[in-house]
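These notes concern the structure reproduced below.
Letters are used for the chains, namely A, B, C and D, taken in the order the chains are written, and counting of residues starts over at 1 for each.
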Amino acid sequence: MGNLSNGLENRARLLVKCPDKPGIVSVLSSFLHSHNANIIESSQFSTDPVNGTFFIRIEYHCDYLQEKAADMELEFKGIAKNYQMDYHFYYLNIRQRSAIFVSKETHCLLELLWEWQNGDLDTDIALVISNHETASPMVEALGIPFFYIPANKDIRKQVEEEQIRLMEKYKVDVLILARYMQILTPDFVNHFKNRIINIHHSFLPAFIGAGPYERAFARGVKLIGATSHYVTNDLDEGPIIEQDVERVDHRDNAAQLKKIGAKIERRVLVKAVKWHLENRIIVEGNKTIVFH
Amino acid sequence: MGNLSNGLENRARLLVKCPDKPGIVSVLSSFLHSHNANIIESSQFSTDPVNGTFFIRIEYHCDYLQEKAADMELEFKGIAKNYQMDYHFYYLNIRQRSAIFVSKETHCLLELLWEWQNGDLDTDIALVISNHETASPMVEALGIPFFYIPANKDIRKQVEEEQIRLMEKYKVDVLILARYMQILTPDFVNHFKNRIINIHHSFLPAFIGAGPYERAFARGVKLIGATSHYVTNDLDEGPIIEQDVERVDHRDNAAQLKKIGAKIERRVLVKAVKWHLENRIIVEGNKTIVFH
Amino acid sequence: MGNLSNGLENRARLLVKCPDKPGIVSVLSSFLHSHNANIIESSQFSTDPVNGTFFIRIEYHCDYLQEKAADMELEFKGIAKNYQMDYHFYYLNIRQRSAIFVSKETHCLLELLWEWQNGDLDTDIALVISNHETASPMVEALGIPFFYIPANKDIRKQVEEEQIRLMEKYKVDVLILARYMQILTPDFVNHFKNRIINIHHSFLPAFIGAGPYERAFARGVKLIGATSHYVTNDLDEGPIIEQDVERVDHRDNAAQLKKIGAKIERRVLVKAVKWHLENRIIVEGNKTIVFH
Amino acid sequence: MGNLSNGLENRARLLVKCPDKPGIVSVLSSFLHSHNANIIESSQFSTDPVNGTFFIRIEYHCDYLQEKAADMELEFKGIAKNYQMDYHFYYLNIRQRSAIFVSKETHCLLELLWEWQNGDLDTDIALVISNHETASPMVEALGIPFFYIPANKDIRKQVEEEQIRLMEKYKVDVLILARYMQILTPDFVNHFKNRIINIHHSFLPAFIGAGPYERAFARGVKLIGATSHYVTNDLDEGPIIEQDVERVDHRDNAAQLKKIGAKIERRVLVKAVKWHLENRIIVEGNKTIVFH
């Protein structure tokens, strides 16, 4: 992760998951207040107030946070133990580093680059890897390292080893599959659990698998969609982050559905990535909690 | 069908399906013009200008239509033969008669009755049949015959015989399944081919079958939907007429999804029924062409 | 307000508005925790962490709440004073009582009654007042008192006196204007500050005033909308609660826009009323904060 | 306009506007059929079948169209005279040439360039003119001539003369204002009547004029929108082509509304431009008929 000095050095986010019981908000807010931290934004959710699971995302401001963070985290360990908390502190001056994988179709990549150039995607794009050379000029024009790694199912193992090597070298936190059309092995996926974001070109769970637009056309649906989800080892079955749809009609053939779908994919993937970077998403089982 | 005298006696619609080739629009419009009919609205679609199938829906006005209709239809037979046309004339002074089947949940029925009372559903509601008594008061308050016919899978045959008998007695043209939760036999379905409209409580083809809201909740989708379709003998596989969705999030449990879904079902079913009554829908294979 | 005993007697909501500064969440959650209250849901917003205004809505569960409420409120006074809080405790076993005003068009009224019958509108509908008799049967069929009070601009004063007398007699908390087409005087509006919810038949601030659908038609807009807002003395300028739109096209004349608009009005008004009843809305200046 | 030889040389569109009366479709389709033209797509609209105005857009295929077009147009003159038709033939092998004007914000320009690179915008982008240098690299990278013409209200006349000179030199058919923030004089506008497409950053007629996002924020609206329209001499009052909206809430400040709005602007402008290029739009008074 890279260090910035843009006024965010006193901002952080605390995400917590624990068994629900009375007093959690109180103990968290008292903890923060005792360190003179001011809560800027807070969202919570409980699956059930009785014996359920509690989730909270707190964004706070704290003067001299850089100096105080280590002590705060140390003190928090005790609280976390008492309440059986899974938790994570995120510091806003440390930007997440992302890798983007792409194949021949570049519309999702372009949308990501665009948002990033606008300053609306809070990440360092560390590198782009593709099994095609199509995206090379637009990536390199922005000074982002581009790696062309041809791939097919026979050389999957070597390809993934090279990909992992590069991602470690570039210290990647999150991997975005911007229409990368190769299957990932369980080993690879486990390496980046809940950190690989994919865009599927259908309104899941409809049209799982290949050729969703062709199948949507064959079925005669009146809306088509796209789904962004974390990648798990069950193809197209990972936790859904965001979905959206557009209206189509009998005049739209499969090629036109694909064009319409590309627009949905662009905006759905960008939203999912943005929420991930803002630490708005908690994965719970096969679902996501997204704190908007 | 009932006869009205409300200024619609000079209006008709002609729907045609035939192999596409040059000159079809010309021959149809010349035919109408030669009878002094004025085209009010016309929509067409071709699957492919070369060797495709051509579809057209024409609404026209013609003075003295009642007197001229028989001659026009007779003359049209020749044209239809030349061009291998499937076709149908619909006269707007003859309202289609509909039956509504409903079970315990009445939200779709209520929406239909509401639109009908507003004059926005161009049909005579001939009767309502239910396997529950819930809907009886609201139906009878409007002077519509209501028949309570308990149903379950063991007596399906007798139930359907009684239903068919009633529908024939009441001269029903179209059957609307407004959340009728009994399976229909192939015999029954064949009796009313392309004339049974169902509302399915999911965004087909996702969540085919029972419990769609529970399964949508389990899958963690971010949008839920409803689908109106013609009933065929493949459960939930019939030609889709209309679909719509609403956004949901992690806070919505299965019961809340059901409530949100009910609102989608209401509006989707009403649209599909309206388009059917306005002869806007042509079924082609397992799809629909809907001329908006 | 009516008393119920349906398991809600241990639930309450606390809404607070105060100058933003560190420690507010901490003090509120510690206060609740010290009374063994468990926070079920919490949403907050700050116009600006530095010198801004802070808003929070907390829903909590507390055993023996009925017995403890008075003491809790008393103790809370001290906190509120320290932090300059505007605040209100709402107890969920006390349902708000509502009045509905309606004129000739009943679609919004019907939607409200429907939601209410479904148990989705947490209010006692105390009475319905109309300057037309149209709605009388549907209201009285549900056992709700209906008052026909003819109105026009010459007798406005007497009419409003009678309306206020009835609303006081029936202990009304919130007034819903479900397409009530009479102007209210400043005196009347002041009587129910931030407690009158109106549905305006346009996408405000477009088409303020009369005849919005006619004017939308004349302008050739491609979307029409509806807006629900609190009533103030500036016509159609009150704080907006909710808005929605539907697509229209050149084929829709003013009458059709009106029909499409009626559907938008129905759903927008119901949402606004529901949020008001759930204490989700805070009015701040001429805007609303809506905690979804 | 440029000549292509990509299989479109036998395709054309005929747009007609005339007083409605019986027989128009018949005469048009017979005319086309007599020349062995096959109608591919046809859409029509009448403001009123009695004494109204009739509009039709026909796309047709005709072998040897290049050789026959002149004769067909000549023959058509007689028909047009009989029926008092305004009409235009568009040949699909002749692409319209467009100019894009842009100021500092390039999001709409980028979206246009993107669609154009994808082959989804059927136009030759002849040149881009800007009063800022920001857009220069992205335009020139695509080989499109870019002209930097500083502008302000004192030199408006000279600036417009230079713009018109360039547009004539480059034979421009349609001018797209992709967030060009200078006012155009009536002379300039009249020069390109119904051929200048603008994107306004609000849901017209709300927030006419400057600072729409700031004003939307101040008013507390719950949806913001964008409007694409033809430019007339009444600021923001020209015929609306397309509009769309997005949901916002109390947490969105004016800067965020602007970001959300930018996404709406992009897609709304592209749709309007596409429809214009496909000859789908007929301007009638201050409204548009858009044949989708």
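We take it that contacts are C-beta pairs under 8 Å (C-beta built on N, C-alpha and C of every residue); 3 or more make two chains touch, one makes a residue touch a chain.
Because the structure is a prediction, the values reported are computed rather than measured.
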Maximum centroid distance from chain A, chain identifier (CA atoms): B
Averaged-CA centre spacing for the pair chain C and chain A, given as whole angstrom: 37
Distance from the mean Cα position of chain C to that of chain B, given in whole angstrom: 38
Inter-chain centre distance, chain A versus chain B - centres from mean C-alpha coordinates, in Å: 43
Graph class of chain-chain contacts, one of line, ring, star, complete, other: complete
Sites on chain D touched by chain A in the complex: 107, 110, 114, 118, 120, 259, 263, 267
Residues of chain C defined as touching chain A within the complex: 20-30, 32-33, 36-44, 46, 49, 61
Touch list for chain B against partner chain A, complex: 45, 203-207, 219-223, 225, 239-245, 249-251, 286-290, 292
